[in-house]
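Each in structure tokens, the structures are laid out below.
Two complexes follow with chain A in common, the first pairing it with chain B and the second with chain C.
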Partner chain A sequence: MLSIKDLNVSFNTRRGRVDAVCGVSLEVAKGQILGIVGESGSGKSVTSYALMRILDRGGIIRQGEIIYSGIDLRNASEQQMTEIRGREISMIFQNPRAALNPIRKVGHQLEDVLRQHAQATRYTAKEKAIEALEAVKIRDAAERYDAYPFELSGGMCQRVVIAIALACNPRLLIADEPTTGLDITTQKAVMDLVLELIRDREMSAILITHDLGLATEYCDQISVMKNGEVVEKGTPQKIFSSPEHPYTQKLVKATPSKGSSIRDLLPDGGNLPLAPRQISEFPLLAVQDLKKTYKGKSGPIDAVNGVSFKIFEGQTVGLVGESGCGKSTTSSMLVRLLDSSSGRILFNGDDLTEISAKAFAKDPRRTDIQMVFQDATDSLNPRFTARQSIADPLKQLVKLRGSALNSRIEELADLVGLPIHLLDRFPHQLSGGQKARVGIAKAISVNPKFLILDEPTAALDVSIQAIVLNLLADLRAKLGMSFLFVSHDLQVVRLLSDYVIVMRDGEIVEQGPTEIVMGQPSSDYTRTLLSTVPKPPSGLTAA
Partner chain B sequence: MSPRLRAILLRLVQAIPVVIGVVVISFVLTRALPGDPAVYFAGAAADEESIAQIRTSMGLDKPLPIQFLQYVADLLQGDFGQSVYSGQPVAEDLANRLPASLELTLTALILSCAIAIPIGVLAAKNPGSFVDQLCRILVTAGVSLPTFFTGILLIYVFYYLLGLAPSPLGRLDFLYIEPDNVTGFYLIDALIAGDWETWFASLKQLILPAITLALFTLAPIARMTRAAMLSALSSDFIRTARAAGLSDHKVTYGYAFRNALLPIITTLGMVFSFSLGANVLVEKVFAWPGIGSYAVEALVVSDYAAVQGFVLAMALLFVTLNLVIDLTYSVIDPRIGFDTK
Partner chain C sequence: MTVFSGNTDPGADNTSNSITHILYIMKENPVTLIAFALFGFYVLSALFGQQLVPYDPLASDSENVLQPPSLQHWFGTDPLGRDVFSRVISATRLDLLIAVSAVAISFVVGSFLGSVAGYWGGKLDIILSRTLDTIMAFPIFVLAMGIVAALGNTVENIVYATAIINVPFYARLVRAEVNIRRNAGFVQSAKLSGNSDIRILALHIFPNTLPPMMVQISLNLGWAILNAAGLSFIGLGVRPPTPEWGIMVAEGANFIVSGEWWLAVFPGLWLMLAVFTFNLLGDGLRDMVDPRQRT
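Entry: the complex of A and B
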């Protein structure tokens, strides 16, 4: 149905030509779902934009052939392409909220597409648009017709994007990271919906994702891409159980799965045993009935409602939950960036809530509690070099100066595995993994006893995530720190944590040792969360 | 009452403190001006006694708070005071001169929008193209050429050399009679009167100053349009729209342009208020009887009432303008809720 042969795409940039896709060949048969898996920069999205001919400015198809049902898409006129897009081939995108026109009612956006492809007249458009919304299982579709994207949740927006894509019954659907940026339970619902619609309408599909687990669960065929080339093709079973290319092997290993340990993620992991750690009997941090209430439009909102737990010295506690469950509010209160409404935070026996969040910056215990932030890019000052970023807390909190400061920075760089020569680079000159290392070095620079990690690997590719997770595991053994590891990714939390807390709607649903919460969860919610993790084909484990 | 109507009323109420503030500040500032209006009014030959007499008659011998109360009481009755300089009530002067300025500024703005927005859109659609270069040249020229220079240049070329334009002396050649005052805008009043000859004559007078001012206001509008369109065209939802097969026209104008309108409107509001005050130079060059030249002349001779009247009129105009812009926002962008305040 679709065949791509020897596709080459390059971009003309100010610094010369950049080849994004080099000699990619793909085939999609009727009714088949093809997965394209790769990390950022592998050219997987560019390939799909090229076949839709919606490359960004400066992007050129240099070579190759794209044939869809006998039509040569590369040489088709713009007019022909307009008819094919949406009518024959359509796309859904990541970050659904941004993918919709923010100032146009979703119903009207649907109508635009329907009328463009002559699927509806002015008189039938509204009716057809509501039908399309119903097809993607949006409740009260008639009411949602008048909604603007900002009034809908992320999952709902993605449903609208799907409705727009499928409104004109296309025969090929390209899904570009359709679940990135959505909550795990929503991810599952959205993927299941897409799968069901594809099967019902006997469509073909291309699923573009960085998540090998997701691809293996939903696809018939998988192509693995790296640096603009397809390095391996095969069925999910084959890719997962006997990957041939070294890169695929690395990728399969780096994908956290049920039985793997943190060292398994690394290509040569088994050789380095984890250093033993000591978890003392002494609670470093005890949280008692912590509450945070915000003033809302319609009455007070309990962001965190009576949370109690303990973290022992040397222990790593995982905090899991979906967006809006209060995990970020909790960690902000613990790191004393936010004042609590009531409750106590006992750190080494002292109640920290007695000191206001503002005054805590000058408190000597500021150095004991530090945080690693979610987005390594946004949390670094773009005008600071890596060295300045790491120096900042040392200068502010420990008043380190001169050569002592420099030797400490170099010691820290060594500790987090950041090459010394990268220290004088600015954030935009560093890769995602390197920025994560700078963020970690900054946080541990003042020798904290307690480190809060807020989704430290969420923005990273899996192979980089594997390295960063191992770095964190080594650091806690070496420095004897306690961690609070906040994440939405259960597999990642399981790898690093001794104890897990599951939060929902500001309350703790379940807490206990990792093996018990993950193995025999007592609450339904935890079971739901666990069941939504994409699983490799049954009976298979990572090689 | 509908929520929108209530929001508008609320905004109007919020403007009241601003107006009060302006009344106080304009009063205090004009009193702080150097120069004694009584001395000026009495003339060069006046002696101490007659100056004192005039001061008493103008109420300037009373303490400041009393003067202020008197001023506010007059204002409430719609009395802006008497201009020392023109000898007319200030309210009358303003009513004569404000429409002249507004007519000039509005014509100039319409002209510059008609040129700047299409150029900005086309430049954003084809970066690096001929239109983009043209846009860059226009913007640079508009910013770097001062209005008094372009004004004089235009007069030199079109009046002196080519003789196409009439003499740059005010709103209407002395051969014509002013149309009956309805709106104060000659173009509109002449239309209402059905007097095409006068309409054409006043258009001829208006065209050069309007072009001068338009060249100046063109730059920020074109630049903002280009930037806003560029960022709108590169956003995710444009990609979705293209992938759904919407036509290029629909994507550019229906989706991208509407989203780009917000910053453009903001700039437009800023340019408008800015040029109302800044077109003094244009008014001077073209002997345009506008409010800007009126204020400057009044300021030079410490004409308290006239300066206060001017500042107050401008403040009211700005408040109205801001309200209109805010309302336009809420029409364009549903995310801007009025009811949240």
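Entry: the complex of A and C
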């Protein structure tokens, strides 16, 4: 149905020509779901943009052909393409909120598409729009018709986007990272819905994702891309059980799965044993009935409602939950960026809530509690070089100056595996993994006793995630720190944590040693979380 | 040879990077190149114009009164026989000086007020913002006239008046830029590094507001020149016989009816080009100041 042969796409940039896609060939048969898997910068999105002919300015299809049902898309006129987009081929984008016009009702946005492609008249549009909303299983579709995007949750918005994409009964659906940014339970619901709709309507689909687990669960065929080339093609079973290309092997290894240990994620890490750690009997941090209440429009909102737990010296505790469960609020309070409403935070026996978050910057214990932020890009000052960023806490908290400062920075860079020559670069000149290393170096620079890791790998590719996780594991053994590892990803938490806390709606649902919480969860919610993790084809484990 | 094979000195590397970066921006955007060339011309006129002009801008010559442009007098002469070209070029220093000092004052004061209002917010923000809104509510040229008239008719007072009417624009811009970064990740991270609020504001947040500020400064410079010339045009501030574009246009305007167009047109043209230059300069400056453009 769709065949792409030897596609070459390049962009004209300041540094000259950049080839984003080099000789990619793909086929999608009728009724088939093709998965394109690759890490950021592999050219997977560019391929789909090229076939929809919506490349950014400066992007040129240099070579190759794109044939869709006998139509040459590369040479089709803009008018033909407008007809094809939406009616024949439609697309779901990564961020559903950005894909919807924020100031128009979702029903009207659906009607626009229907009428644009002459699927409905002015009189039948509303009826058809509500039907389309019902098709994507939105409850009370007639009421939701009048909703604005901001009134809907992320998962709902993505359903509306899917409804819009499918409104004109296209024959090919391109889903570009459709579930990134959604919670794990929502992710499963959305993917199951997409799968069901595709099967019902006998459509074909291309699923573009960085998540090999997701692709293996939902696709019939998988193409793995790297640096603009397809390195391997095959069925999910084959890709997962006997990957041929070294890159695919690395990718399969780096994807955390049940039973794998943290060293298994690295391509050659199996032979490096983890250094033993000491977990003392002494609680470093004890949280007692911690609460945070915000003033809301309709009464107070309890973001965190009475949580209590302990972290022992040298221990790593995982804090898991979906967005809005209060895990970020809890970590902000622990790191003293946010004042709590009530409750106590005992650090080495002293109650930290007695000192306001504002005054804590000058407290001697500031060095003891540090944090690695979720978004490495956002947490580095864009006008500071990596060296300046790492130097900042050392200058402010330890008062290091001159050559002592420089040698400490270089020692830290070495410790986190950041090449010294990258120290004088600005954040935008560093890759995601390098920025994460700078963030970690900055956090550990003052030798904290307790480090909060707020989704440190959420924005990273799996292979880089594997490296960063191993780095963290080595660091805690070497430096004897306690970690609080905050994440929504249970598999990642399992790899690093000794103890797991599951949160929901501001309360702790379950806590206990990792093997017990992950192995025999006592609450339904934990079981739901565990069951929604995308699984590779049954009976297979990473090779 | 071994000396050069090692790591290059980071300092030298950065300087050469900056130069190639500036050259790149100029090459990419010819308009920026033109703007910078004109800017260079104005700066040179301001610095050396008075030494280089062919005639003394203040010396009258009763033999050559109201001469049209010729090879001797490129822009003609005025009713007192003074060379218009020499006067136009000599006026550059005074006009630029007024504009630059006024903009510098409003930049410093506006940045301070805007940063404070944007970072701490609350009551302070409300009081500052409403006060600045009140200034903005006046027709600004009339306000400037009022200030000069009240404080006295001197060049310094023109500078102060121009500065006061521009402060709210800087303050608002900085306030908005600081406000959106107040809770950014790097600010949180700076708090963990033990920075005090003032350090965070001055060293972490404020430098990040510079790229949009550059555009504002550049637009404002053109505008301040126009403002100073406008005040002189209506007889406030600079007094004759000091060469100044606004006065020259005002004096020349009387002669346009009788056909001596060059008296008003050339100073007016210089004024227009100056405003034009600064307006174009803004975009180029922003590209140079923003580190993200350096890929």
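Here, the second predicted complex is superposed on the first by the 543 of 543 C-alpha atoms of A that agree within 3 Å, B and C clash if a C-alpha of one lies under 4 Å from a C-alpha of the other, contacts with A are read in each partner's own complex, and residues count from 1 in each chain.
Going forward, contacts are C-beta pairs under 8 Å (C-beta built on N, C-alpha and C of every residue); 3 or more make two chains touch, one makes a residue touch a chain.
From a predicted model like this one, the values you see are computed outputs, not experimental measurements.
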Partner chain(s) touched by A:514 [first = chain B, second = chain C, both, neither]: neither
First (chain B), second (chain C), both or neither touched by A:91: first
Touching partner for A:429 - first (chain B), second (chain C), both, neither: second
Touching partner for A:83 - first (chain B), second (chain C), both, neither: first
Which superposed partner A:396 touches (first chain B, second chain C, both, neither): second
Which of chain B and chain C A:378 touches, first, second, both or neither: second
First (chain B), second (chain C), both or neither touched by A:52: first
Partner chain(s) touched by A:209 [first = chain B, second = chain C, both, neither]: neither
Residues of chain A at both interfaces, chain B in one complex, chain C in the other: none
Parts of chain B lying in touch with chain A, wherever the complex brings them together: 127, 234-237, 239-248, 250, 254-255, 258-259, 332-335, 340
In the complex, chain C residues that touch chain A: 7, 10, 13-14, 24, 28, 184-186, 188-197, 199, 204, 207-208, 291-292, 294-295
Contact footprint of chain C on chain A as seen in their complex: 14-15, 335, 337, 358, 361-362, 366-367, 370-371, 373-375, 378-384, 392-393, 396-397, 421, 424, 426, 428-429, 439, 442-443
Touch list for chain A against partner chain B, complex: 52, 54, 56-57, 78, 82-87, 90-91, 93, 95, 98-104, 112-113, 116-117, 148, 150, 161, 164-165, 168, 297
